[in-house]
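Chain IDs A, B, C and D follow the sequence of writing; residue 1 opens each chain.
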Amino acid sequence: MSIPILKHGRTLIVSLQSEPTDAEFVELQHELAQRVTTTHANGVLIDVTALEVLDSFATRTLREIGQTVTLCGARAAIVGVQPEVAFAMAQLGLSLDGMLTALDLEEGLALLHAQPGVGVVT
Amino acid sequence: MSIPILKHGRTLIVSLQSEPTDAEFVELQHELAQRVTTTHANGVLIDVTALEVLDSFATRTLREIGQTVTLCGARAAIVGVQPEVAFAMAQLGLSLDGMLTALDLEEGLALLHAQPGVGVVT
Amino acid sequence: MSISSCIAIRADVDIITARQRGRDLGVELGFPKTDLALIATAISELARNILTYAGEGEIEIALEDVGGRRGLVIVARDQGPGIADLALALQDGYSTSRSLGIGLPGVRRLMDEFDVVSEPGSGTVVKATKWQ
Amino acid sequence: MSISSCIAIRADVDIITARQRGRDLGVELGFPKTDLALIATAISELARNILTYAGEGEIEIALEDVGGRRGLVIVARDQGPGIADLALALQDGYSTSRSLGIGLPGVRRLMDEFDVVSEPGSGTVVKATKWQ
C-alpha cells in the first residue's frame, strides 16, 4: 500500500500527500474498510489539503469510501478541500453530498467526535 | 419464525446467523414491528457479522425495517457489516442511508443509547 | 476441481444456493475475499431477477481460461418474457417491479465483463465475468 | 517559454502527468489560481476518457494567441471507437461505463470554448480553450 494510514485513538487518518492514481484511490477504499473493522476504528479522516484536483473519479471514490466506511459502522470526513478545488468541482457538477467535511484535521476530529456514538466510546 | 429475536433491557437484538431467504427477511420485518410495540422496546439491533452478501433485496428490506421500527417509535441500527460486503454494496450502488450503523453489538448499544429519547429510558 | 456448476432457480432458497456455489468456485480458483463478495452479490442479483421476472431459470457458474488468463463466468438464463428496452433496463433506478432497479447496472459495475442478450418473448441470457 | 506539450495517455499515471503539465503551462502564462484548477480538472476528465473508452491516445496542451488575446488550449485525441451519439454524450449523467457521466458536459462548463469531433470508428478529438 503506497498511501499510509495512521491511527490516532480510534480515528484512522489518511493524508494524501501527492496526487494518487486511480488505482491507488481504489486500493485506499479497500484498505480503509478492512482497517476500520480490524482496528475497531470509529472515524476516518481524509486530508486532501495537498491535492490540486479532485476530478469526477476521485470524487466518486471519496463518496464510495464514505459509504463503505459508514456501512462498516464508522464515520468518514474529508478535510482540507482547497477553495480553487471546490470551485472547480462545483463547475464540473460534483459534490461530496452526504459526506462530512471540515477545514482541517483538527476540526475534522472535533466534527467526528460530535457524531452520536463516535465521541462517547473511546 | 426461524430468526430468533432476543430482548436485552429495552433493546431487541437480532443476530442473523445464516443467510436469510427473501421470505425470512420479510417475515423479520413484520415480526420486529409487532415486537417493538408489544414489548415496549425503544431500540433494535440487527447483527449482520455472519453475512457474506447484502444484495439489493436485503438492503431494501433492512432500510424498510429501519423505517418501520422508527414509525413504531424506536430506533434501529445495523451492526457488523463486513468490509468486503460494504465494498460490494458501494459498487452495486447501495447504501444504508438514513440508518444507524455500528461496528459491533456493543457499539451498537452505545449508539442507540446516544440517540435522543432512547438512552434516557432504560 | 469442479469447473462448472448449474443451479436451477425456482424458489428464493435457490438464490442462496447459487451464490454459495459461486463463492465456493471462487475460493477454489483463489480469488481474493473482496472479489468473492462481488461475485456472490452479482449472482444474487441475477438469480433474483430470474425469479421475479421469468419465474424460473438457471444460473451456470464456470471457469473460463483465455490464453492462461483465468476468470469466473456467471451465466443467468431464463425463458421468461425477455427485456423490451435493454438500454432502459441498464439504467440505474429503472425497474418494472417495486424493486430498486440497480440489479443489472450494478452487476455491470461489480464484474469485469458484462453482456445481456434478450428479446421479448424469447427469454434473457446475462453473462458476466470476473477476471483473476 | 514552452508553448506546446504533448503527453501520451496509456496508463493512469499519465493522467496525473498531463494535468501537471497543463498547470505548469498555465502558471507560465500567468493564469490565476482558480483557472489553474479548472484547467487541470478539465485535462483530468479528458485524459481519463481516453484511457477508459479508447485505451490510449494523447493530450496536447498549447498556447493560443489570437490577435494578442492569449489562451491555453487542451486537445485530447484518440483513435478509439468514437462517440455514436454526441448529443447524448454531452448530457449530464449519461455514461456508457460505470462512471458519473459528467466528464464531457463538465469540461464544457469548466472551459471557455469547447468542441468535439468524433465519428464511430475514427476516434475522438476534443478541443477546449481557456482565455486569459
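Assorted remarks:
By definition in this document, a contact is a pair of C-beta atoms (placed from the backbone, for glycine too) under 8 Å apart; a residue touches a chain by one contact, two chains touch by 3 or more.
A quick note: this is a predicted structure, and the numbers were derived from the prediction, not measured.
These two copies of the sequence, subunit A and subunit B, are related by a rotation of 85 degrees on CA atoms, to the nearest 5. With respect to subunit D, maximal separation of chain centres occurs for B (centres as means of Cα atoms). Averaging Cα coordinates per chain places subunit A and subunit C 32 Å apart.
A separation of 26 Å divides the Cα centre of subunit A from that of subunit B. Between subunit B and subunit D the centroid-to-centroid distance comes to 46 Å (mean Cα coordinates, whole Å). Chain centres here are Cα averages; for subunit A and subunit D they lie 27 Å apart. In subunit A, 30 are the positions where the chain touches two or more neighbouring chains simultaneously. Looking at subunit C, one finds that residues 34, 109 touch two or more other chains.
Residues 29-30, 33-34, 36-37, 40, 42, 64, 67-74, 98, 116-117, 120-121 of subunit A are the ones touching subunit B in the complex.
Taken in their complex, subunit B has these residues touching subunit C: 19, 21-23, 52-57, 59-60, 82, 84-85, 87-89, 91-94.
Every residue of subunit D that touches subunit A in the complex is listed here, in rising order: 12-13, 15-16, 19-20, 23, 33-34, 36-38, 40-41, 44-45, 48, 92, 99-100, 102-103, 105-107, 109-110.
Taken in their complex, subunit B has these residues touching subunit A: 79-87, 89-91, 95-97, 100-104, 107-108, 110-111, 114-115.
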